[in-house]
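Okay, got some structures for you below.
You will see chain A twice below: alongside chain B first, and alongside chain C after that.
Entry: the complex of A and B
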């Protein structure tokens, strides 16, 4: 009977080996095609890499900053380092929802080599009930490492037309890009350069503030329940980890931050003993000049505005949260010196380009 | 649940797992299939389950009754102790009873179909009739929601009933097995229309061993069917539907070149869409060990329109032939009509009249089966008219071939293929436009016929960049090449070794998979249209 069993095994072994030998190149080709077809975000829209750029970080961060573009465009992490020695990282993405901020924070807290000292959360995204476009979800999740948290995060924010299988196998989502492949799809097939500065999106162009549409009357004065639910989850997570949570509102003039929402956040912060810094109201104190410190007419700060906000916030955070000055740590300083060098070079290059052309070509002109 | 959805893939995968584990272990594979079919149908609205269940119930109980009457008739026939005249009279009475049962169940089931599908059409016709009499006004449509696949499973169930009536198959004792036959999920939405005795053994499975997991050859065939179906639908049909519908949408306000390309495009699109769906259905069914009948047999190789209809939507046309054409052609009523007509019409014609009248009935039913509107009725009648005229011209064709000796030559076969394709395409225009527009379109196509313009106008018609045009051409080439290889598979097998064939097949299937995966029109930014024949 054993001999029969062995005979059977010997009979099927070549078939099994052949199947494995055929499957390996087949799967490899699929993986190659998937990598080729996924967007590289090296052109006008670089935010699609922000989630994955975090994984390149070798050192821990004292301050984790969460939020949408009001987080990653309005606080210069490099200024926080340069002026205060605060190591920080902005886990932000375009239109990042509160649920996404929660799960990115959860992931970051597991990955950080040392526990951070504080968490800063931008409250502007709380006004969103659901994701505006599927593309934003893809930018947050496509290069996020797989975990139970990623699964839950996708489930929490997926639009009706989205399918989990398309996140598991992104080739199902991006297969159609075969018509739109560019040189950068080959150039950045394996590795993509880091474009943000610890999550900060640098823009050195200037477009003064213009008029914005009149604020519409709110149908419901309260911030969406689902957003407040995730704010509460973020607060509870920070509490469980023993991390002080700070809420902040960027000095963006549009979209409108309604007084009703402001009141709600103030009340929430007061009830839970949370520090809330409203840089919109304190823009003057921060020295914001809306004729110079914004690159899109007042919606987002440029690097000049972001540095001012970093200086203003840094003073408060250092004093109230006792964030140590890490400039004396040689290992950290060496890494951040390189980052600062890149930051200064990028800023200088953009300043020259803007001075010469009046716009930055990479970001599609002065719009 | 759509056939082309991730949900369907997950549903089928989970079903296969249950089928070959729990189902096989406890010999309840057919129960798994039934539960899957009920769940699949309930996905379109659980309230609609009442329709297939009702049709199944009537067909099942009617068939059991007919079976009993058949057995009685057999006993009477075999009873030599009774007087022959008495036996004949009893047999006649039984025949009448059988006919009453058959007619009653047919009326009920086709009545259900007629009510949900044709009420609004009947009301609109009635309204037009009343207007013709000078009475203004119209009837508001009732707006019944058409239950999924009702045309297909009703015909399938009634075919089974007629088979039992004729004694060509025994009635199914189990209502649940009958329900499975009617509702078997892959074929519910767009056919094919199966025969009970053909698929019952595989559907219910082997009592001793159950349905075994497909072997390598069966897996290859199933995989090829499914992938080819996906290629036809997602790569070809979804690309062609936009340009084709754009031309149809002009309502005839387009150039002769556009009209011609639109006409050809519509035929090719319909073939890719319909046969693609059927391929997926056949492939999926075969994964569960059920071989459903083919619905297409290289229709564009047909030599005549009559030949074409033996190769396109075969199961519907076979159903019409077996359950409408033959009974009608041999019925007393039609024979009486022919006999009376023979007194005034030429002898030859009156001999062919039964077939023509039966054919008229077939094409009337086929027309309205396709849709509750005048255009489908006219389309059916147009097909009937062309085939009847063609039949009447047979002596002329014989004289022509007698003189020119073209019949049987390769060149003439190609001419006939092209002619049939164009004829079918022109007739399909009746489904798209009012009658007057069809004729004006055809005249325009002929008047403005410009081969160079047509060839040059293809990219503009398709509205695609060059890479996509090349892709479309390549996909069609792949479909044709696959058909050719299938036709010559025995010869190819004899020439190449088994190993070479195995390797080639693996590469071919993987290639099909990659092309469909990457170049299929699905996912974000696309809304894959339902299969065209789902609407029937």
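Entry: the complex of A and C
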């Protein structure tokens, strides 16, 4: 009996080995095609890499900042380092929902080499009930490392037309891109450069504030329940980790930040003993000049505005959260010296281009 | 040898199925775009009229804008990460919001402010009463915070009120991608 069993196994084994040998190149080909077809985000839109750029960080961060573009465009992490010695990282993405901020924070707290000292959350995204476009979810999740948190995050924010299998096998989503392939798809097939500065998106162009549409009547004065649910989860996570949470409103003039929402945030902050810094109300105190410090007419700060906000916030955060000045730590200083050098070079290059052309070509400023 | 071939064929078939089933499960074609879905719903939604021009949510804006003529003001906003430009066109009596989808510009919102003399095709305008509104549109509405909502097709017709008086009227797309 046993001999027959062994005989059968010996008969099957070559077939199995052959099949595996045949499958390996097929799988390798699929993986190559997947890597080729996935967007590289090295042109006008660089936000699609923001989630994965975090994984390149070598050192821990004292301050984690969460939110959508109001977070990653309005606070200069390099200014926080330069002026205060505060190490920080903005885990932000375009149209990042509160649920996504929660899971990215959860992931960051597991990955940080040392526990951070504080978390800063940008409140503007609380007004969103659901994701506006599938593209934004793809930017957040496509290059996020797989974990139970990623699975839950996708389930929490996926639109009806999205399928989990397309996140597991992105080639199923991007197979159509074969006709839109560009040189950058080959250039950055294996590795993509880091474009943000500890998550900060640098723009040195200037477009002064203009008129905005009249503020519309608010159909529902309450911030969406789902958003407040995830704000509460973020608060509870910070509490469990012994981390102070600070809420932040950027000095963005549009979309409108309604007084009703402001009142709710203030009440929430007061009820939970949370510091809330509204830089929209404090824009004057921060020295914001809307004729100079914005690159899109007042919706987002450029680098000049983001540096002013970092200076204004840095004073408060350093004093109230006792964030240590780490400029005297040689190992940290060496890494951040390199980052500062890249930051200054990028800023200078953009300034020259803007002075010469009146726009930044990479960001389609001539549109 | 015969048995070996059989087993080999079986293994290859199993591997092929393992790769192909997920593809067929969701369909290689991603299906209708949001623009196509909106167009399918558009025909049954509420419409607004400006003179002879019919404005329907989810339909293409360019032809409508050509008929409406020069707006009083245009506001443009790049959506986050340059996923198209949202635009708000101000015309006498109303604002028209347009968003990009699938290479087309679609109507997403029509807003009739408090100071407007414009009216819905059914005759309700800022200043009308809630009772007049119910007489025209019926009682199949939802109301919250003084905002009455009627849904038809892809359109939510919203009446913002203070007391018994309508202040603002808005046509809003039910889902915008």
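Please note the rule applied: the second predicted complex is superposed on the first by the 365 of 367 C-alpha atoms of A that agree within 3 Å, B and C clash if a C-alpha of one lies under 4 Å from a C-alpha of the other, contacts with A are read in each partner's own complex, and residues count from 1 in each chain.
Here is the rule we go by: a residue touches a chain if its C-beta (ideal position, glycine included) is under 8 Å from a C-beta of that chain, and two chains touch if they have at least 3 such contacts.
Note that the structure is a prediction, hence the values are computed from the model and not measured.
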| item | value |
| --- | --- |
| Partner chain in contact with A:191 - chain B first, chain C second, else both or neither | neither |
| Partner chain(s) touched by A:134 [first = chain B, second = chain C, both, neither] | both |
| Which partner reaches more residues of chain A (counting touched residues only), chain B or chain C | C |
| Partner chain(s) touched by A:220 [first = chain B, second = chain C, both, neither] | second |
| Touching partner for A:110 - first (chain B), second (chain C), both, neither | neither |
| Which superposed partner A:5 touches (first chain B, second chain C, both, neither) | neither |
| Contacts of A:23 with chain B and chain C, given as first, second, both or neither | second |
| Which superposed partner A:166 touches (first chain B, second chain C, both, neither) | both |
| Doubly contacted residues of chain A, that is, touched by chain B and again by chain C | 22, 26, 30, 134, 161, 163, 165-166, 172, 175-176 |
| Chain A-facing residues of chain B, complex | 6, 465, 467-468, 506, 510, 514, 517-521, 523-526 |
| Chain C - residues contacting chain A, complex | 3-4, 7-8, 11-12, 15, 19, 22-23, 25-26, 28, 30-31, 34, 73, 75, 77-83, 88, 90, 95, 111, 113, 144-145, 147, 158, 160, 167-168, 170, 176-177 |
| List of chain A residues in touch with chain C within their complex | 11-12, 14-16, 18-19, 22-23, 26, 30, 44-45, 47-48, 68-69, 94-95, 132-136, 139, 159, 161, 163, 165-166, 169, 172, 175-176, 211-214, 216-217, 219-221, 254, 296, 299, 363-364 |
| Complex contacts: residues of chain A adjacent to chain B | 22, 26, 29-30, 33, 37, 134, 161, 163, 165-166, 171-173, 175-176, 178-179 |
